[in-house]
Amino acid sequence: MPEMDIPKLHEFLAQEFPQVADDVRVEELSDESITVRLRVAERHLRPGGTLGGPAMFLLADVAAYCLILSRIGWRPLAVTTNAGIDFLRKPAADSHLLCEATILKMGRALVVVEARLFSEGVRDLVARANLTYSLPPEGQTPEVL
Amino acid sequence: MPEMDIPKLHEFLAQEFPQVADDVRVEELSDESITVRLRVAERHLRPGGTLGGPAMFLLADVAAYCLILSRIGWRPLAVTTNAGIDFLRKPAADSHLLCEATILKMGRALVVVEARLFSEGVRDLVARANLTYSLPPEGQTPEVL
Amino acid sequence: MPEMDIPKLHEFLAQEFPQVADDVRVEELSDESITVRLRVAERHLRPGGTLGGPAMFLLADVAAYCLILSRIGWRPLAVTTNAGIDFLRKPAADSHLLCEATILKMGRALVVVEARLFSEGVRDLVARANLTYSLPPEGQTPEVL
Amino acid sequence: MPEMDIPKLHEFLAQEFPQVADDVRVEELSDESITVRLRVAERHLRPGGTLGGPAMFLLADVAAYCLILSRIGWRPLAVTTNAGIDFLRKPAADSHLLCEATILKMGRALVVVEARLFSEGVRDLVARANLTYSLPPEGQTPEVL
């Protein structure tokens, strides 16, 4: 049973990420994975109607962050230390973007998450990312951003 | 002599990245490197006043993109294929973020750029990133995003 | 039907990678994925009996390379342009290492492969990697290593 | 003053990396950076005389590892958690490979190192890498490889 369920995660997003809370929505949540939707809004698009890399990075980061919080509870101290992303295909122009994130390793100090992004209803991957988060010892402040 | 100078790059940003054009400014430009400033606005901040990873990724991507365009001219087809970023230190709370990007390789088909982010007036690195862009053959559409 | 089957890949390894050909073996091959075994030899081990990061990187690279060749045929020009790897867990001391590699994108010019490494008989991932290869246009020499 | 000087690092390499100790040599060492040479031997080469990606990865890893040890002392527990590498140019055929590694962040728990590889006597970069190492708390075993 997760420490934070979907409504709790939405509450967290509204408070900690007010700029994006209206655009992202947690669709599914299990112990090992999460699915998060990015409602593609005008401001995420480049001229021509494609979604830019930074918006995809944002979605992967939010999904991974929510997945970790669902496991460890509301702890805004977890910080990204490293991320890598391959952009594979152009997302479908008028579709929402979905991100499926999975925990690869839940360590004492580091959590590694894998994220796969695709356009709703399209099977081919749009992007894949790996993200590492540092969990500071209880009661300590994080040493990295 | 660059194909696009600083005023031309600002024109490009206003047209292609209207969402961020007000926040970023090219400060310096040479054949091999560029410095871009992110005026840290309220909407880039997390509660507590720190700047999030996605905003840093955005800055690195915009800086690298402008650097490449300054070399090859206005060609909105160049696309990011891969990026990696290490988040090293918490940025200073009330400072603008600066990104220095350098071309590591300017190939026929691929361009590799390195970016270093720091808070204005602080020497220690906040983050470093590597970004690869694909240059489609003249007259062809890009195969990746 | 692959352009090169398993015996053909072993022939390629013996010729192009004589240093490792005795240690690696292609176990399974399909259109989208490959499984390659690294027989863990004394010279891959660090004192204490653990396998080092470079040996794992080597295995991921060989597996990805063979997978691509099985699709495009014997073409020793394909070159790695970028790779990222997360080391997740210590491999089991006396076990062979297996690598499952999958093609994420087979483009005209770039191929992106994902690799997962684990110790034989153990479910938890030891490492995961992403690798990008550049395919030079037919008849041209590659521009990167 | 480093915790381990160059002769001490060679002693470490001979003991912990006997397979490569004959091929690598620490050339320069300061508080923040190290230069390590890979004597290019027959067994590092692919047919055609080029050096493969795994050999470059190995050199970057050994250089970063030695740099960290020179700062924290002989502590074989430090482990690589993440690495990324861009392969930029074909190394010169008959030249040794040099790696300059620099510490980007020396944290309590994580160390981030940047490495630049080039052929001796050639200015253009052959590859660049980023590597992260986890430092287990004193007296504890590392949680990752």
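Just so it is clear, A, B, C and D label the chains in written order, and each chain counts residues from 1 on its own.
Here is the rule we use: contacts are C-beta pairs under 8 Å (C-beta built on N, C-alpha and C of every residue); 3 or more make two chains touch, one makes a residue touch a chain.
Keep in mind the model is a prediction, meaning the values are calculated, not measured.
Chemist: Among A-C, B-C or A-B, where does the C-D interface recur, judging by over half of the contact pairs matching in residue number?
Modeler: A-B
Chemist: From the centre of subunit A, which chain's CA centre is farthest?
Modeler: Measuring from the centre of subunit A, the most distant chain centre belongs to D.
Chemist: Using CA atom averages as chain centres, what separation in Å is found between subunit A and subunit D?
Modeler: Computed value for the inter-centroid distance: 33 Å.
Chemist: Measuring from the mean C-alpha position of subunit B to the mean C-alpha position of subunit D, what distance in angstrom results?
Modeler: 29
Chemist: On a C-alpha centroid basis, what's the spacing between subunit A and subunit B, in Å?
Modeler: Chain centroid spacing, subunit A to subunit B, equals 22 Å.
Chemist: Can you tell me which residues of subunit C touch two or more of the remaining chains?
Modeler: 81-82, 84, 86, 88-89, 105, 132, 144
Chemist: Once bound in the complex, which stretches of subunit A touch subunit D?
Modeler: Listed in rising order, the residues of subunit A that touch subunit D are 81-82, 84, 105, 107-110, 132, 134, 143-144.
Chemist: Going by the contact rule at the top, pick out the subunit C residues touching subunit A in the complex.
Modeler: Touch list, subunit C to subunit A: 84, 86, 88-89, 104-105, 112, 114, 125, 128, 130, 132.
Chemist: Taking the complex as given, what residues does subunit A use to touch subunit B?
Modeler: These residues of subunit A touch subunit B: 15-17, 19, 43-44, 46-48, 50, 52-54, 57-58, 61, 76, 79-91, 126-127, 144-145.
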